[in-house]
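In the two complexes below, chain A is the common chain; its partner is chain B in one and chain C in the other.
The block that comes next holds the complex of A and B.
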C-alpha cells in the first residue's frame, strides 16, 4: 500500500494541478494578508473560502483522478497485490497531496506575516485541521461514487450533486425546517443537524473559536456549551473522523466486491 | 503734622476684600479630626461644628456609619482616611445645601433588601460638591435624591457586584436636576450611572466598565447631555429609555459582547442627537425600539454583530455620514415599512462604482440583508451564519428586493471612509 501511496503521491505532486492548487492558496493567503494586514481577520475571510472550496476541489479531484488512473489501476489489479492496498494507496495519495498543497499554500504566507507571534495561531491551526478533514472526507466520498459508477458522466454528476447537496441544499432544507417548526424548541435539532453535515460542523467549529459566537444569541449559547468545551471539541473531532472513516470503509468494501 | 495717605479706589477695594478673606476664619473655623486628637469622631465633630466650617480628617481608620451632615460644611480627607461602615448601613447622608465632600476612602456599605443604603446619599440639597472620593465594597455608591445644582467630580467607585438582586448602582440620580457628573470611574456595580426623573444633567468624561447590567441607564430623564464617556464590557451596555431631548456625543461603546448585550439600547426616545460616537465590537451596536426624530450623524460602527437593529415603530430618523465597518449585519429591520433616511454613509461592504468621480457611489446600497430578516423571525436560523446558501439568498434579495423595504437604501453611499 505504501508503495502505491508513494507512487500516487509523487505522480500528483509532479502534476500541474497540484501546483495550480498550491499556487492558488499561496496567492489567496498573500492577498488576504496584504489587504487586511490582520491575521485574525484574514482567518475569518479564509474560513468562507475553505468551507466552500475545499469540498468542491476534493470532490472533483477525487473523481477525476480515479477515472484517469483507471487503466493503471486495472494493470495493478493484474499483479499479485492486495486490492485494498491499491485503492487505499491511491486514496491517501490524492488526499495527502491536496492537504499538503493546502497546508503549505496557506501556511507559508501566514508564517511570513508573523502568525507565530500572533495569538491567532490556534484558530489558524483549527482552520487547517478542519480543511484537512474536509479534504479527506470529500476525496473519500468521491472515490466511493467513482468506484460505484462505471459511467464517467454519471460519476461526475453524482459527485458534484453530492457537493451541492452538502454545501448548499442541506442548509436550505435546514433553514426551511427551522422556519416551519419555529414553534417548537429547536436547540437539539439544530445541534444534531449541524453535526450531521461535515461542512456545517466545520463552519460552526471555526465560528465558535472566532469570537463571533455571541452573535449566535441564545442558540449560540447552547452551541458554545456543547462545542466550546473540551468534550464538545473532542466529540466534533470524533464526528469528523467518523465522516472520514465511513467513506474509507465503503471504498474498501466496494473495492473488494467489485468485478473489474 | 498731617500725614496724607491717598488711596486709589481700586486698591481700596482689593484691600477691603483681602481683609474680608483674612477675616472670614473668625466666623468659620477648621476642625481637625484624627485618632488621638481632641476630636476623634466625625459624627461628634459635625454636631459641634457650625455652618460653613471645615473639617479636616487626618489619615486613619474611622469606623462610623450613618453620618448625618445637616449643615453646610466642607469635609476634607487628608491622605485618604478610611471611613469604614462595617456593613451596618448607610455611611454619609447629606441633608443641607453647600456641602463639600473631598478625598475620603469610604468602604463597607451595609447591604439591605429593604433600604437602598448608599456610601454617600444627598437628600434635597443644593450646590453640593462630591470629589476625589474612593468608594469600595459598596451597595449604592453616590445616591442623589431630589437634589440640584451639584457636581460629582473625579470619584472612583469600585464594586464587587455578583448578582443583580443584592447589588446597587454606582451613581444614582433620582428626581435631581442640573447636576454635573464629570471624570468619574465606575466599575463592578449593577448600573454604573443611573438616572431616573432627572433633567438637565451633564455627564462627561466618565468611564463605566464591567458593570453587571448597564454602564449608563436613563429612565424618564429629559434634556440631558452625555459626551466623551467610555462604556466598556458592561453586562448589557447602555440603556436610554423613555426620555426626550438627550444629546449623546463622542462616547465610546466597546466590547459589550454577549447574548443580551447592546452597545446602546434605545427605547421610546424622541428628538435625540447621537453623533460622533464609536461603537466597537458590540453584539448589537444600537438597538432601537419606538424611537422617533433622532439624528444619527458621523458615528463609527466597527466590528459589531449588528451595527443597528431596528425593532419597530421608528419614524423620521436620519442616518447620515456614519461609517459602517466590517459588521456582520449593518442594519436589521423587522418591518416592511421604512420612514427613516439613510444618506451619505460609508459601508465597508458596498461594491458599487463611482464613474463621475464625485466621491459618491452611483449605485444605491441596500444595507438590510434578507438573512437578518429571517433571523428576526426565527432566531435559531442564526446557526446558518456565513454559509454559502445564505450568501446566495442575500445576493438574490439584493438584486431584486422582495422581503426588505424597497426604499430602504442609501442612495448616496460614500466611496471613501469618512475621517
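The block that comes next holds the complex of A and C.
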C-alpha cells in the first residue's frame, strides 16, 4: 500500500491543482492576518471559509481523482498487489496531499505572524485538526460514491449533492424543524442533529473553543454544557473519527466485490 | 497444468456472460481464445486475473485456487486490450513504477531498444500515438519473467516491424516453456502463432483443439473460413 500511496501522493503533489489549493490558503492566511491584525478574529473568518470549502474541495478532488486514475487502477489490478492496498493507497494519497496543502498553506502565514507566541495556538490547531478530519471524511465519501457509480456524470452529481446536503440543506432542515417544533424541548434533538453532521459538528467545536458561544444564546448554553466539557470534546472527536472510518470501511468493502 | 477452470459463471446485471466454462490449459503452448464480440473472452481473461469476481465456479492457477488470493498474479504477465495509461507521467517513470511495484528483475533495456522506444522515454504518455502506446504496453508485459502470459489483442496499432518483433518475442517465450493466452481478431496472426484454439460462444467453450482439427471438423480449407463456419457445423469439443 505504501508504494501506491507514494505514487498517488507524488502524482498529486506535481499536479497544478494542489498548488492552486495551497496558494489559495496561503493568500487567505496572509490577507486575513494582515488585514485583521487579530489572530482570534482571523481564526473565526477562516473557520467560516474552511468549513464549507474543505468538504467541497475534498469531494470534487476525490471524485475527479478516482475517475481520472481509472485506467491506471486497472493496470495496477493486474499486478501482484492486494486490491484493498490499491484503493487505500489512492485514498490516503489524495486526502494526505489535500491536508498537506491546508496545513502548509495556513500554517506558514500564521507562523510568520507570530502564532507560536500567541494564545490562539490551540484554537488554530483545532481548526487544522477539524480541517484535516473534514478532508479525510469527504474524500472518503466521494471515493465510495465514485466506486459505486461507473457513470462519471452520475458519480460527480451524487458527490456534489451530498456536499450540498451536508453543507447547506441539512442546516435548513435543522432550523426549520426547530421552528416547527418550538413548543417541545429540543435540547437533545439539537445536540444529536448537530453531532450527526460532520460539518456542523466541526463548526460548533471551533466556535466553543473560541469562547464566543454566548453569542449563540440559549442554544449556545446547551451546547457549551455538552460540547464544552472534556467529555463532550472527546465524544465529538470520536464522532469525527467514526465519520472518517465508516467511508474507509465502505470503500474497502466495495473494492473487494467490484468487477473491473 | 497452468490453468484449471471449473464451471465458471459470471453475470453482469441481467447479462449472463459466462455460462459454465470448463477449461484446462497445460504449460508450454500458445492458446488462442477466439469468439464473436461479446462472447466473454475478456471476462474470462479478467476472471483469471482476478479483476472480475466470478459468481460461481473455481479457477486454479499453477495448482492453487485463486479465490481471495493476489500473490499468484506474480506469475502472470498481462497485456490489457486498450492501453490507457495515466496521462501525466513519462514513459520512463511508468516503466520504473511498474518494476518497483512488482519488485522483480526486468529485461526492460533490451525490450526498449528492440521496439525503438528510447526517443519516447522522456515523453508523457498522453502525447504518444496509439501504436507507440501499444509498444510501451508490450514492454511492460514482457519485461518480467513469468510462466503465464496473457495477451488481449496484442497486435492493435502495431507497424509491420513491431509486429515481427512481437511474434519473435512470443515464440521465444514459448521456447522457454511458458504458457501464452492470446485473444485476437486477426486470423492470420492466430494461425501463425497458436497451437490450440479455444472458441467461446455465448459464454461457453464451443470448440477446443488444434487448427488441423478445426479444419477437419468444419471441412474447410482456409482457417478464416473455418472460424466463420464453426458455429454452423455441429461439431462440439
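Annotations
Definition applied: the second predicted complex is superposed on the first by the 260 of 260 C-alpha atoms of A that agree within 3 Å, B and C clash if a C-alpha of one lies under 4 Å from a C-alpha of the other, contacts with A are read in each partner's own complex, and residues count from 1 in each chain.
Simple rule for what comes next: contacts are C-beta pairs under 8 Å (C-beta built on N, C-alpha and C of every residue); 3 or more make two chains touch, one makes a residue touch a chain.
In this text, all values refer to a predicted model and were calculated from it rather than measured experimentally.
Overlay on chain A: chain B and chain C fit together in the combined arrangement.
In the superposition on chain A, A:168 makes contact with chain B only, while chain C stays out of contact range. By the touch criterion defined above, A:76 lies against chain C but remains apart from chain B after alignment on the C-alpha atoms of chain A.
By the touch criterion defined above, A:257 reaches chain C but does not reach chain B. Look at A:177: by the touch rule set out above, it reaches neither chain B nor chain C.
Looking at the shared chain after the overlay, A:45 reaches neither chain B nor chain C. Of the two partner chains, neither chain B nor chain C is touched by A:148. The superposed model places chain B and chain C at 180 degrees from each other around the C-alpha centre of chain A, with the value given to the nearest 10.
Minimum Cα separation between chain B and chain C in the superposed model: 36 Å.
Those residues of chain A lying in contact with chain B across their complex are 41, 47-48, 51-52, 167-169, 171-172, 174-175, 178-179, 182, 186-187, 190, 194, 200, 203-204, 207, 212, 214-221, 223.
The part of chain C that touches chain A in the complex is made up of residues 12, 46, 49-53, 70-74, 76, 78, 80, 84-86, 88-89, 97-98, 100-102. Taken in their complex, chain A has these residues touching chain C: 3-4, 7, 11, 14-15, 69, 71-72, 74-83, 257-260.
The touching residues of chain B, when paired with chain A in their complex, are 257-259, 261, 283, 305-306, 326, 328, 374, 377-390, 392.
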